[in-house]
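If you scroll down you'll find the structure; I have some questions about it.
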Amino acid sequence: MIRVGIVGASGYTGVELARIVTRHPEVELTLATSRQYDGRSLAEVFPNLRGQLDIKCENVAPEKLAERADLFFLAVPHQTAMAYVPGLIEAGKKVVDLSADFRLRDPVVYEEWYQPHSAVEYLKEAVYGLPELYRQQITGCRLVANPGCYPTSIILGLAPLLQKGLIEPGTIVADSKSGTSGAGRKAGTATLFCEVADGFRAYKVGEHRHTPEIEQEVSRLCGKSVKITFIPHLLPISRGILSTVYATLSRDINQEEVEAVYADFYGNEFFVRVLRDSALPATQYVRGSNFCDIGFKVDNRTGRIIVLSAIDNIVKGAAGQAVQNMNLLCGFAENLGLRHIPLFP
Amino acid sequence: MIRVGIVGASGYTGVELARIVTRHPEVELTLATSRQYDGRSLAEVFPNLRGQLDIKCENVAPEKLAERADLFFLAVPHQTAMAYVPGLIEAGKKVVDLSADFRLRDPVVYEEWYQPHSAVEYLKEAVYGLPELYRQQITGCRLVANPGCYPTSIILGLAPLLQKGLIEPGTIVADSKSGTSGAGRKAGTATLFCEVADGFRAYKVGEHRHTPEIEQEVSRLCGKSVKITFIPHLLPISRGILSTVYATLSRDINQEEVEAVYADFYGNEFFVRVLRDSALPATQYVRGSNFCDIGFKVDNRTGRIIVLSAIDNIVKGAAGQAVQNMNLLCGFAENLGLRHIPLFP
Amino acid sequence: MIRVGIVGASGYTGVELARIVTRHPEVELTLATSRQYDGRSLAEVFPNLRGQLDIKCENVAPEKLAERADLFFLAVPHQTAMAYVPGLIEAGKKVVDLSADFRLRDPVVYEEWYQPHSAVEYLKEAVYGLPELYRQQITGCRLVANPGCYPTSIILGLAPLLQKGLIEPGTIVADSKSGTSGAGRKAGTATLFCEVADGFRAYKVGEHRHTPEIEQEVSRLCGKSVKITFIPHLLPISRGILSTVYATLSRDINQEEVEAVYADFYGNEFFVRVLRDSALPATQYVRGSNFCDIGFKVDNRTGRIIVLSAIDNIVKGAAGQAVQNMNLLCGFAENLGLRHIPLFP
Amino acid sequence: MIRVGIVGASGYTGVELARIVTRHPEVELTLATSRQYDGRSLAEVFPNLRGQLDIKCENVAPEKLAERADLFFLAVPHQTAMAYVPGLIEAGKKVVDLSADFRLRDPVVYEEWYQPHSAVEYLKEAVYGLPELYRQQITGCRLVANPGCYPTSIILGLAPLLQKGLIEPGTIVADSKSGTSGAGRKAGTATLFCEVADGFRAYKVGEHRHTPEIEQEVSRLCGKSVKITFIPHLLPISRGILSTVYATLSRDINQEEVEAVYADFYGNEFFVRVLRDSALPATQYVRGSNFCDIGFKVDNRTGRIIVLSAIDNIVKGAAGQAVQNMNLLCGFAENLGLRHIPLFP
């Protein structure tokens, strides 16, 4: 049994990691840190876990962390994560960091969108944890930068088109809609039930920090530096992201040919479900699962293609993908403990 | 008192017309037709109306309609509406048609997206009922084609930019999200609570019938024939549309200049609220009202502008705008009976 | 024009008072206090109000309040309200207090459920602001204790039965369900969207502070001291309370006889809608309105009656009822500015 | 591998059975019947299942059913189920009937609340499928009558109190609230999103057909014939039932003593989670799981106890409990394939 620890267990990503890890047959949860809930049972904080695990939240000093587990999930905010990484890696531990701190390869870009980086030397070895694109690199590494939720949906949606050069990268517009769990569990007026329910809005228009992460991967896939437009919206649901991505086709191509490109690209992927016959994804069909459902439509009237990509933002967009990365790091079957069928309705 | 009739009172547009008209000081509801609920009190069908009006649903033969009111709201499906219009107009009545039958000026386009048109001769005189753009024409006409809900949000959002030539019309992408009331009140599996709640999806990707209506008005505003991309999505809320519209700017312009353009264009409009200081609209702030809230963001990184436009799809997107048109047709103050402040939360 | 002030304008009751008062033809909003939003436009805090009023939030010292308006709505927490009342009353102002501070006639009961009372001398003159029961007393008073939301729904539901002695008061069980706006707008984890949405729970079982308020009025109506069971629940909706109240019938009586009792009791009330023919109320049919819809069912199998009572907790349960009381205090028509038809859907 | 068939796979219970059974390690889904979707892939009808199973819906003649599986789940309406049972049992098959047809032991009661019964001879051998109460009988039987969703929550909540004689059975009032999936997937106006969302109502007050089922089990547990009051309500959520049950205590007893009674009664049950320290259950903490969470509060003021019981109506209230019964019938571990941790948020 591998011992795993969750650093930052009191958020929605933390409880989801606990939910998945608790039923994973090859690992044991040995640590759940939380300053706020220090000393309280994790199942008391998150009563869905009641009776399923027996672990208390702890406020552990950074230097005491390493001895408590073999692999660590960092479910803390950016800037906090970079403070933990060097110590854990130097102690010989594996780390899956769910924050943004090691996702951007270029520290200049990181510092432009975030704040100064205190562990630049680890940027080089960190692997971007999108297994469908970086499986081999993840397998042998020590530090995985688990992708952002929006980037996961958008990059998986676009990768086949970009790799085959089928779209003009400069025309990409990604209109994404996320469930409110993406905003975290911190108390605040803006995410109160009455502010969100029965409503809909955009936020951080043109300035969301997932933009450079998407651009980095899009640029790599098409082989040149690209700027994209990415606008996030807040859905009155708890879980789920649907990204609707628009781009101009670079050549005449029909629906069936595009379907073949996607089928070929994702043929063997357990977690990517390519839709056929112009079927469209929906967040409710991936709820609670690690699947990414992808549909698309060639629009001959305008010469554009519309790609639709749905994930559960807490699973494939965070905790599930982190466990998928853990499975790769530990040599387990990639879908071990992650075969949940989506809950519908 | 003007006598008004609602033809097709059993849908969500019908009940909303009844709600507004019942409190309107200058009109009296004298007719509410419904085949399905013939003989039943309208307030029994829609218990929110309980005690507020005393009218029964009737199944009235078309030739008996005209005598029952002075002005008619047609809240019936397209194709049905065109069968009523000639008789009512010939009988000297005013008509506000909420269907799509008289929105498209070109019968060829209409027949391409819908079905054969049986009252082509009325297409010429019908006025597109967007008062902010066609106020004068509406005032003197007999037949108003009340705009679609999506087109209302998108056209009001884009009009200032198009009129001033600030965007490249061929680059317009309109990503719209609508509450489920837009799908009507007909029983069907796809709009059951459990299919919609806690979920999100796109539908009719690249083929929604509001596309030619948007293109007609965009083309008129910019003075040349334009094709746009319009993708509707279904929100798990009852009321509200938010359209996020993307376009490439045709010249360098900053946020403040764009704000001035909108303020100038909509300066005196009661129902259009232009947001300042990069504030963003949200459907929950227009709920139950006839307002259209418009925000925008110049994105210097990509040379695009993002326009966000929020309405209540049943009010400004249907019944409220119809009453606004009625006010113009009857010479009342344009906002009479329509000054509801949005309900929040 | 009467000048009115809202003390505590930054909560959901505050914004709803502003929404109603702004369109009221006989009053003018001259003051909106908020410590948190001091200096900010109320319409910026609550964008639904955008463009409809021009007032800034202010942090006003208590001794400066009185000069700013003729009538005050206190939309502040209990204990805070009692600090404002003496000064305002002594300055000759009218006060509608929406807190619990003056609802309980017996200071001993108040102090048992709340904390020490600092203005006991005003308890005697305060009138419990349920106009359907205390209309005359309200008309001539200076200080109205606006009822709690739950008590409003339960007392209006039970009053006819209690007055006629048709039920055994000791058997009353009130199972109430409230929308989340009842929990206020204070940031906190428990009312975050993700904690409330798609879920349901009871809270404060057997210890909610509305219990003594309900017992006081039930006891008065039946003429003897009664203890009841009252359990509140949290609904994943913003607005609305449905109370399901159970009691054992004190004699054989059938559905039609009970209907006659209710019709007789509430015959002339504008805001109480008694349902006939075993129809059942629902929160969605009173949304945004000051109506209280009441239905009931005699259950011959068990000798019990079940009364169902629906209100919008922010309107009839708070701001609307406060304006109804204001209308009585000021000699206006009782429903002036309050005739909103419920918004459905 | 045991071959299992789902008769009536096109409803919400059907898809949930498919979700659970597909991942069950000891059974294979060999049949999914549906008249409506005959010939279509089940994963096309329910896209959450996409890629997880490969089975087509079939319209199978009753006489051809038996050969297709070893155990059958009947997820069809009452009256339809009783037509299938004799043939399947006579062919030597095991049957878990999720309809009401074999739940009531007394055919007279059945016919009073439903319609004539055509397979009365099977009522005697059918076992009421609440494993926590009837484990032994289920293990050896051929026909399990899977309990109703409301009765499951109420009976599990009351059983310890009734068995110990701690409450007056005649005073029981059960106020239950259910998610909308309980209303099924049949198209109808009443369960459209816009009719249910953002609202709340009671229905079938005093006449719901689960009443005699609850009374049968309550009567058995307390050893005398009892009538109860049961009122169901419709929640604007998809999954979940919370029952709030009121009863007068038959003797002085405190919270800790009651806790001990429950802990003792349910000590070894995997699926019943008894809450301690006056904690309260909520539907969101059992979502997607087979758990029943039970809390309670002794109210000394009134001499009553309030029991709160939460389940996922599609899992413990239907499909999950059916699989639990299947596990007993087949000699598998009772929780095999059913250890899903609830999904929160």
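Here the chain labels run A, B, C and D in written order, and each chain numbers its own residues starting at 1.
Just so it is clear, a contact is a pair of C-beta atoms (placed from the backbone, for glycine too) under 8 Å apart; a residue touches a chain by one contact, two chains touch by 3 or more.
The shown structure was predicted, so the numbers you read here are calculated from the model rather than taken from an experiment.
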{"item": "If a chain touches subunit A and subunit B alike, it appears here", "value": "C, D"}
{"item": "Chain whose average C-alpha position is farthest from subunit B's own", "value": "D"}
{"item": "More contacts between chains, B-C or C-D", "value": "C-D"}
{"item": "Distance between chain centroids, defined by C-alpha means - subunit B, subunit C (Å)", "value": "36"}
{"item": "Subunit A and subunit C: spacing of chain centres that average the CA atoms, whole Å", "value": "45"}
{"item": "Interchain centroid distance [CA atoms averaged], subunit C/subunit D, Å", "value": "38"}
{"item": "Touching two or more other chains - residue numbers and ranges from subunit C", "value": "12, 181, 194-195, 197-198, 236-239, 281-282, 284, 287, 345"}
{"item": "Interfacial residue positions of subunit D with respect to subunit A in the complex", "value": "12, 15, 19, 22-23, 46-52, 181, 197-198, 238-239, 273, 275, 279, 281-282, 284-289, 291, 293, 314, 339-345"}
{"item": "Contact set on subunit C toward subunit D in their complex", "value": "173, 175, 177, 194-195, 197-203, 205-206, 227-229, 231, 233, 235-240, 242, 244, 246, 278, 280-284, 287, 297, 299, 301-302, 304, 306, 308, 310, 345"}
{"item": "Contact set on subunit A toward subunit C in their complex", "value": "12, 180-181, 185, 187-189, 191-198, 236-238"}
